[in-house]
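Here come two complexes built around chain A, the first alongside chain B, the second alongside chain C.
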Partner chain A sequence: MDGLRKILREPVLAATIGVIAVSLFLFVIYPLFKVFQMSVVEDGRFTLHVYGDLLSKAFERRPLYNSLLLGTLVALAGTAVGYLFAFAIARADVPWKRFFRVLATFPIISPPFVLSLAAILLLGRKGFITRMLFQGQWDPHIYGLRGLILVETIAFFPTAFLIMLGVLQAIDPALEESSLNLGATRWQVFRTVTLPLSIPGLASSLLVLFVESLADFGNPIILSGNFHVLSVQAYLHITGMVDFSGGAALAVILLLPTLVAFLLQKYWVSRKSYVTVTGKPSPGRLSVDPFTRRLLTVLCLGVSGLILLFYGTVVFGSFVTLWGADYTLTVKHYVSVFLIGGRYLRDTVILASLATPITGILGMIIAFLVVRKQFVGKGLMDLTSMLTFAVPGTVVGIGYILAFNERPLLLTGTAAIIVLLFIFRNVPVGIRAGVAALQQIDPAIEEAATNLGAGSGRTFATITLPLITPAFFSGLAYSFVRCMTAISAVIFVVSGRWNLITIAILGLVENADLSQAAAFSLVLIAIVLLALGLIQVGVGRVATSQMGYEAAG
Partner chain B sequence: MRHTLTVLAIVAAAAWAIPVQGAQVLHMYSALDTAETQLYIPQFEKDSGIKVEWVRLSSGEVLARLRAEAKNPQVSIWFGGPSQDHIAGKKAGISTPYKPALDWTLPENGRDPDWYWVGYYFGAIGFGSNADFLKKAGVPAPVSWDDLLKPALKGQIAIAFPYTSGTSYTVLATLVQMMGEDKAFEYWKKLHTNVHHYDKSGSAPVTQAGLGEVGLAISFSHDLIAKGSAKGYPITMTFPKEGTGYEIGGISLIKGGPEPELAKKFVDWALSVRAQNLMQKWFRIPLNPKAEVAKGAVRADQVKLINFDAVKAGEDRDRLIKRWRSEIGQ
Partner chain C sequence: MSNAVRLERLCKVFEGRGGTGSVVAVDDVSLEVKDGSLVTLLGPSGCGKTTVLRMIAGFEAPTEGEVFIGDERITALPANKRRTSMVFQSYGLFPHMTVFDNVGYGLRIRKVPAPEIRARVRSMLELVGLAGTEGRLPSQLSGGQQQRVALARALITEPRVLLFDEPLSNLDAKLRVQMRLEIRRLQQRLQITSVYVTHDQDEAMTLSDQVVVMHQGRIQQVGTPQEIYSRPRTLFVADFIGKANFLAGTVRHVEGGRADVEIAQGRVQVPAEGFRPGDMVWLLLRPEAIGLAPAGAGRWQGRIAAATYLGSEIFYEVMVGGQTLLVKVGHPQGATPLGASDPVGVAFDEGSLHLVPREGTA
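And now, the complex of A and B:
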């Protein structure tokens, strides 16, 4: 009760909490509720027959098996590759660390389906490798499970890499050193010390990749052939068959394994982290024997080569006149990017630029509330705001068209629905960054401001915000990238007034207009890189001005 | 904090306000290929001074979206897609009649008897084979529906989903009207073993065949030419000797659409000689007798057509698609 009274004394704080709670309810919970409702209510009565219908037919069940199989295999393969890179960089002291680091994170900023495009250019029946290396004698069969494992592993291993890098860097090398001093071989050290300490990280990475693969839409819609997966099937049910209840039910089926994985990750795995940071200075980097180092270098080079080959092919493909028929080089695809694609580029950049700052500020405010303030329903706010991150885009997109197609919440066809979707899909990133930054800051600094008479708002604006600015900018950067490359959710809410470049590219790939799609993708990547550079400059300036301030103080 | 909230409020308000209601904007779903839609729209905008905001969707998707939006129509006009899909739309109650003033007569199968949709072009279903593939596989280009079942074509055919694509539904309805329903599904089950994959868009298989990703595409003749041979791909076009189905591409006005008057202007324009001449670039056959026909385009008298009943096809659509999904399992 004390908490409630405290909040009521601060109307701005109370209002902020109220506004955020209502928005989270409207734009996160309510759409999900609509999806669920659509799948179980018919003519005003509760029924499970939609599920019964779906699960009784083998061809409707298959996408579920397929999605789970694909998710599991991609989680294993992606985590293995991610661990390889993280171990090589954090523990094995391989050469060219910066190069490996850049390559291992590059797929994050590229639109998801670019890798599928590259896979077709390279390994399709008329692909470069298929024709040059195998003279067309061997068909790699990339349309289906094989191709999807390949492209999703490349697309999602960066996440595993970042998770594992964090975990490995948190393990105190002194532990490994002492076991080495006690007579263990390097392999024994790895097996009995390093690996067990990485297990929570590995589990977390497996779960996150499983979720990412399940939620992936851009790659399977291009590359799945006759290997149908849930996200695409739910989309086809709704956009192709007017089967809203079937599509919603498929979305719920897609949501279940995702939620289980998300909750496991949040409440079980993350509690098991073995933090070994002791505060004592660590001795120099522990390394591996030369042979292992060389082996790791070669493996990392191999994967890096593959990534370069994939993106390089897209670059080459964007200059080819007519892939498959005429390989003369041309810039005409870039000319038409700006002639016919101008409006897609403009709309996408406008919408992403509108959504990004709101996402960033909202993320920081929620992070501040969750870490620093006590109020009723705080845990719920935390969980809800993280939820959109775990829920597959397809489910969110279906929820938005169901929830916002009728008065009084009539938003279909407006820019608002796209911007809102961007904000609430990406706000968890900002929150995470904010929470991490806030936990590093001693609350005493803020208390001092409060004691000197500043209210919550003033304290936040003058003390907290400047201190968490770097986290704020990294949240901004990530959310901008996600807006520019989003597809799975927004594909349901685009209209003639607002067109997104990812959706245009998807249409081009589907029509096998590969070179044009490649040119569009590269322009998109260039815009993202440019924006990241600008944000980087912003952070740099803030950091220097802060340093100046500190020096002066 | 108060400033932050103010900024948030302003930005949010801006986001709502941005879709400015310009004086004359027509909203449209186009079932024609993106590149083809771009042949017509800029010309219409220039001729009429009306701005068009359009989304390209396959015609089955247009129908699905219009049904979903029936309570709150987002567009005023549905441009393109086979008449059977427009007939299904009439049955679903999403369209509204409009009789354009013409100085020529639309053929009987070229419009709805009550003007719920009007025809715009003609096109026949054909096969487009990749010539290099044919040579390598040592098979002649298919000239009958049965030729598509040859083992040499295993995993080589691309076609669209009948529920998303008007093209593919035309194929299904053609087979049903030619062979009878049960035989037609028997046939498609055999065809399915030769199908590499299904696309969302009816014309997408053409480029895939041109590229060589698949050996053969089943699509409309104009798409086979415009996206195949005319672009430089080695596409050989053939037609089944038993007869083939065709489409009359349609235009429907949407019931309760936001700009009915602008939509009517578009229909008038689309049937004018000026607009109908534009389709030469896409090798469609115009319905306006005064319009010119592109060289190489396939006219109704050049192929053997079945006596195609588009009304029946339109009315059976939901049922046939349901059966197709459960029998083919896609």
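And now, the complex of A and C:
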């Protein structure tokens, strides 16, 4: 209990740890517990009959199968595309690298459902390609598995790309050169050295993408059609059928594979990585033959072309009078964004701006405690704070409405519940950034401050904080983006008084008001880019690359 | 078949990215490495030595010039066809393969039958003193052991040329000395043509048949270790190899292989070839070639400015006529070192002096 005594000697530190521990319990653990409780307790008694109902009939099991199937396919497709993209940029020396990298960050900073919106604009029943190019002769069946694979692969491959880029860049150039030097052909170098060394990264990418696809809500709610998936079904059970225990049980069923994948990634795959430390920077990387380079360039162009086509379609769609019928250009949708959507915009920006700095500071404090301080329950604090990252938004959202709808924690309908949700959903981002930054700082610098008479709080404020400022701001940038584009969890806690732009866009898509939805989405993207630009100018560094990495990790 | 390496007027220009201009890394390098000999490329970082090595290996294509092994022109031959095994600074061991698989890698690529691979890996591991480590992963070996695995892996394919890229710089000082003797022993036993890149002059001195001193992409001098040390041709070589005192002077008279040189402290007679009266020169005086004498004796008079005690020897800084001379004295056990401002005489043999050209105006 030496640690305990040491902490008690520093009341500020002890109080901070106490407050954070209580908040994490209240806003992370307790809502999850409520979901679990709702699914197994009926009339005050423990029962599993909700699960029995959901899993006994083949029809009821469909969403689970579908989610797992979709997750697996998207993980495979997204990882494959991401790896090729990363290989092209890190090894094949393709032209226009910057352009490809910038395009790959588009899906990260845009709201999740924009790609689905574009898919409908292009390939839906009134879609541009369906109607104009094929005269309605061909139905691409995008409502369902096919469409979801398409949009989720585009949405999540950047994560795989960033993970694999990191892996490829970390491989000591001497390894591939050794292989070539010992007589291997370029293909043998790839097969015997590069690929085996990429495997831990590939496994990590597969698991992360699997989790992202399972947790995705924005795309399937628009595009799933009759292909029912867990996240959407859980939502519909609660909002449509007002079946809370059924919704909660579906949420738990959704949570389990996600948690397994997350824990596998965190505790198993990450241990297996062959991080090699390079001796000295090599003048150049081993490249590939011109044919392979051209092939990879074409692939990158294809993927980038698809991204451009999708986003371009949304831009075009936002200026069209009535998609599918009247392609006259107009700005009326933008006018109504500010007329009818002004309130949503205002609410969203206010709530996100409130949540972002608190998220950033909380993340930094937790990172500091976890990296630098010894105290009872430290491991638990670390795990808990990262938990919300792995838990699908749908589960968190259901947890929040169950946990905070009665006194003394009556928060439903308030701005507070949205802000709290934002904070605890995004705090892992800030923690990641903070931990990474802190591990770069020699503890001796902080010890010097303590040595000169500063207490824990003062050391943190005057020494540590300034040193981790860049990480702090990139954490801020990313959590702001996540707040602005959030949908899966917040859809449960918005209210008449406080509503969000993403929810409004979803409503427009459901009403087939596609051009209006497109205009809203672009205004949202513009606000996000503006905020990122401001933060970037403020810090003078590329926040997006860091961000992507955080998303990937 | 001769495995001599011949470089003809090699140049390498790296184009800067985004219009940052280009860098001439290697500038008109011609060199012959005799069959079975070990040549070191020695120079400070950025002198182009590694780029030369990488052009021999085929990792970089020369901007101009040709590379030959024996009579074969290999300038355009891909790296994997050159049979030039490289030992890397970071060892380049495959972390996902055992020692056995690492060493046998080159043979597997060449589709050598498995029983033969087993036998050759075993004997190669014995040769480098690592028998019994076959099943371990590189991460389970010490730095010195990893280095031996890298060496074994490079040797097993019976390369025509062995290339070393600062292979010892990640080892601690003692191990470095031991490993370089071992590398030399192996290289001489196998009679394998070797090119060895280093920035460590001790390493170059102990290992090489020939030392090539490089600076700013150009060869400064090629010679045996003795030649490089005792008869450097440029100020850079003289300064880079060992410690030296440089006294600015002018040649006044040349006769019979000796030059009469005027310096601030007077006139000295120096063994010299190829200098003419009026040439501006640096007079090179090695610290160990200077002796201290009692005040009043010796050639020049001076005072001790500082003394650095190093156990087996003492370095004195001696002020002579406004210039500081570094003097190395083997430390006689028990004798009291001289103290600051003690007056001393400075003695040296004119035969140990050496001239290098001096540029500029005077």
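By definition in this document, the second predicted complex is superposed on the first by the 536 of 553 C-alpha atoms of A that agree within 3 Å, B and C clash if a C-alpha of one lies under 4 Å from a C-alpha of the other, contacts with A are read in each partner's own complex, and residues count from 1 in each chain.
Please note the rule applied: a residue touches a chain if its C-beta (ideal position, glycine included) is under 8 Å from a C-beta of that chain, and two chains touch if they have at least 3 such contacts.
Predicted, not measured: the structure shown is a model, and the values here were computed from it.
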Overlay on chain A: chain C relative to chain B, clash or fit: fit
First (chain B), second (chain C), both or neither touched by A:329: neither
Arrangement angle, chain B at one end, chain C at the other, chain A at the vertex (C-alpha, nearest 10°): 170
Chain B versus chain C, judged by how many residues of chain A each one touches: B
First (chain B), second (chain C), both or neither touched by A:178: second
Partner chain(s) touched by A:413 [first = chain B, second = chain C, both, neither]: first
First, second, both or neither for A:197, with chain B first and chain C second: second
Touched partner set for A:188, first chain B, second chain C, both or neither: second
Touched partner set for A:452, first chain B, second chain C, both or neither: neither
Shortest span in Å between Cα atoms of chain B and of chain C, once chain A is used as the common reference: 42
Chain B and chain C contact sites that coincide on chain A, given as residue numbers: none
Residue ranges of chain A touching chain C (in the complex, touch as defined): 172, 174-175, 177-186, 188, 192-193, 196-197, 274, 276-280, 283-284, 286
Contacting residues of chain B [partner chain A, same complex]: 1-5, 7-8, 11-12, 14-16, 18-19, 27-29, 33-34, 38, 53-58, 60-61, 63-65, 67-69, 71-72, 74-75, 136, 161, 163-164, 195-201, 203-204, 207-208, 210-214, 227, 231-234, 321, 325-326, 329-330
Touching residues on chain A, where the partner in the complex is chain B: 12-13, 15-16, 19, 57-59, 62, 120, 124-126, 136, 143, 224-226, 228, 236, 238-242, 244, 322-326, 340, 350, 354, 357-358, 361-362, 365, 401, 405-407, 410, 412-416, 419, 455-458, 460-461, 494-499, 504, 507, 510-514
Chain C residues touching chain A - in the complex, by the definition given at the top: 14, 25, 50-51, 54, 57, 59-60, 79-81, 83-86, 88-96, 105-106, 109-110, 153-154, 157, 166, 169-170
